[in-house]
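The structure that follows is given in the form of structure tokens.
Order of writing sets the chain letters: A, B and C. Residues in each chain are counted from 1.
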Amino acid sequence: MAHNELILTDVTKRFGGLTAVDALSFKVSAGQIYGIIGPNGAGKTTVFNCITGIYKSEQGSVKWRGEEIRGLTPYQIVDRGIVRTFQTIRLFSQMSVAENVMSGRHIKSKQQLWHGIVHSPWSKRDELANWHKVEEQLDFFNLSEFAAIPTGSLPYGIQRRVEMARAMAVDPTLLILDEPAAGLNDKETMELLQTIFKIRDKGVTVLLIEHDMDMVMEVTDYLTVINFGKKIAEGTPEAIQKHPAVIEAYLGSEDDDDE
Amino acid sequence: MDIFLQQLANGLTIGSMFALVALGYTMVYGVMRLINFAHGDMVAASAFVGLTIYTHVTGQATSLAAVVAIFLLSAVVMAVLGVVLERVAYRPLREAPRLSAVVSALGASLVIQNGIMLIWGPRMRIFPELVPQVYWDFGGVVISLIQVIILVLSLVLMIALYLFVEKTRIGAAIRASSIDQDAARLMGINVNSIIALIFIIGSSLGAVGGLFIGLYYRGITFNMGWQYGLYAFVAAIIGGIGNIPGAMLGGMLLGLFNAFIAGYVSSTWADAFTFILLIVILIIRPTGILGERVAEKV
Amino acid sequence: MKTIQRFAYPIFFAVMAILPHVLDSRWQAVAITFLIFAVVALSQDIILGKCGMFNMGQALFFGLGAYTTAILNNQYGWSIIATIPLAILIPAVCGVLLAGPIVHLRGDYLLVTTIGFNIVFVQVVQNNLGGITGGPNGIFGLDSLSFYGIDLTSQVSVYYFAFAVLLLTLGIMRNLAGSKAGRAMHYLREDQLAAESIGINTRIYKIFAFALGAGIAGLAGTVFAVQYSAVSPEAFDFIQSVLFFSIVIVGGSSVPGVLIGVFVMFVLPEIFREFATWRFFIFGFAMIAAMILRPRGIIPATFGKIPKFLIKENNHGA
């Protein structure tokens, strides 16, 4: 039975002498909004990179729906329903918003290589169908007016939305967001919150890294706290807030309000 | 056995010349991540410059003093040209995508190569006999004085460069710039000066290499630069780009490989085998034998 | 501006269609050369401009097609038309085989390996491997085109053959732009990691770009062989590859940019014969200047070809 669960067991990632992720284990259940938090440099993005195939962890196992995905390439992992966004936005900046979102449809399109040389009536229908899916995402994220504009020239907040639209265009089962609120103002952060809830309502499980504590408390169901690559606590947001180890880890660190 | 020893001698000679030229490539690539396509043409130019100095400046004298003068003057001219090249074709593109710099380098290469042709003509010219034609015959294996001089001088220069880069403060600045340009700048290193210095050193060594090529092969043509340049770049990659001992090692190995192919197979296959070797190495061990030392721009 | 764009292609095609009837023999030959090299440059654009791979060995595939036609016609008596499928297929397969081991390499290294492949090819052909490649002088005396018994020996018919190949190439490139594969190449060129992370198997598309570019260049090779009734090694020297590379970068990864580049590189020198010796000297400076002033090429690539229904009323357009 393949539940839509992501289970990390004892995942360890080293870079030379540095252990960035240390025997980390956690489980994301279907339909959750799961948060990974921790001070800067704690290894959070590295964990995500291990899950999505950018790195291969030295040890441990990453199981998605019962299948071991550790060691797969990024696109193979997308094929299995997991999509991620990047902390530093990685859009195709010379290309329009619509084209960016269309890249999310790539893996869903069944066109073959030879359709790049000669179109068939079928491939034309596939194109049209996918552009309509792009239209859906543009509407959902309120990006319709920017469809033809190169993303590199858009404000940061809008670029973030484009990145999420692109990820959602893949129709993922698990959406991984790496600091989605970074660089957003308060109003944009509120909108982001609502969007994440709407995404969850569509049946997508969400795993996110975030620094903005207010947002974390509002949006997540469950948290794992990492410091120096190790898990130091896990629990509901309320429990974590009072957890002594967590308080200690954050005590004395810079005020982490992003600007 | 005779063929082996003969080709060994030839290979070491050719290898020395490759190594001298490869050093210019590797130093520039190490700091700027740029394939200085024009370097090979600079080397060719130096042979022609040397020819002209011989004919019009030193009065066709072949005394030791005259020969030394030719070498020094050529090196100076090429060093100046190298700095000009960097300023005109590369500095404006420091922040540009690498593709732009590649095309600019190709453009510079065309300019220099055709500049040579326009000045000295398209036909082959004969390089003067600056070194007496002395040979030693070791039971079938012939070694010339030119070969010995090339080998010895090249070794001296390479060791000098190695010591300079490893043991002096400026050398440390060069190594730092190779590893991380921005960090080097923050530490107070004037990276622009370092780059100019690299071009000076690379062009001077290349100039010596060019003069050696003239001495060894006697016939020089305006388009011989690309051939040499490509080989030298291959040598730099094989040894590990950005790595100075690597360029020396790569140059020697490539020279030997080239000579052995010429001796045992046929010289008409030398190019093909050399590039097959390069491709194999890039697939198996892309960082080269001694490993890379380049600026990380991920 | 938009009106110019709408009429540019039809005007261009109309001009090119009637051109051979207004030119004398020498200029017809120049026009044919323009068409052939335009096709090769466009095929190079697929690999370098669209897919972003530093390929400096396109002359290799051009030569493979030309030599395939020459060998099959000369040694084995195939008619020219019959050689066409193989003249496309063999370079394409080579494209796959050669690209496979090298597409993951860093840009500069990919560049040097493609130069290497080109050099190996020329040397193999020069050394008359297997006795079929004709050595340094190449292969002479090829047949002219014949189509179901009708001999098409005139230069005008060669022109139309070349023109047809160019139209085919432009058609393929347009189809590519509006397909999953074509877009994948753009994405992976802009940001390979992002492309992989959104589900694109970048390796497959890189190899496909090579194969497609190689096949088209191979077809151009057949036209070349027909034009000269001969092939020789120097025509496919890696210096030619350097020219094709530069045309795409300096002209820009767009059809007009590439065509202008081909015109400047290959037709202008014919017009200004007196400057022939200065040609490359001036080009060199032009390349340096172009990179400093117009790094994306004289006529850069354009994106934003999205379906009309996505562009809403209050849009600022692309």
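Here, a residue touches a chain if its C-beta (ideal position, glycine included) is under 8 Å from a C-beta of that chain, and two chains touch if they have at least 3 such contacts.
Note that the structure is predicted; figures quoted are calculated from it, not measured.
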Pairwise touch network: line, ring, star, complete, or other: line
Chain located farthest away, centre of chain A as origin (C-alpha): B
Between chain B and chain C, centroid-to-centroid distance (C-alpha), Å: 33
Geometric centre distance via CA averages, chain B-chain A, whole Å: 49
Length of the line joining the C-alpha centres of chain A and chain C, rounded to whole Å: 41
Junction residues of chain C - those touching two or more other chains: none
Residues of chain A touching at least two other chains: none
Chain A residues touching chain C - in the complex, by the definition given at the top: 52, 54, 73-75, 78-79, 83-84, 86, 90-96, 98-99, 102-104, 106-107, 109, 111, 113, 115-119, 123, 126-128, 131, 134-135, 138, 144-150, 166-167, 170
Touching residues (chain side chain C, partner chain A) in the complex: 172, 175-176, 178-184, 186-187, 190-191, 193-202, 204, 208, 212, 303-304, 306-307, 309-312, 314-318
Chain C-touching residues of chain B, taken from the complex the two chains share: 29, 33, 35, 88-89, 92-93, 96-104, 106-115, 117-118, 226, 230, 233-234, 237, 266, 268-269, 271-272, 275-276, 278-279, 282-283, 286
Complex contact set, residues of chain C against chain B: 54, 101-102, 105-109, 111-113, 115-117, 119-120, 123-124, 126-127, 239, 242, 245-246, 249-250, 277-278, 280-281, 283-288, 290-292, 295
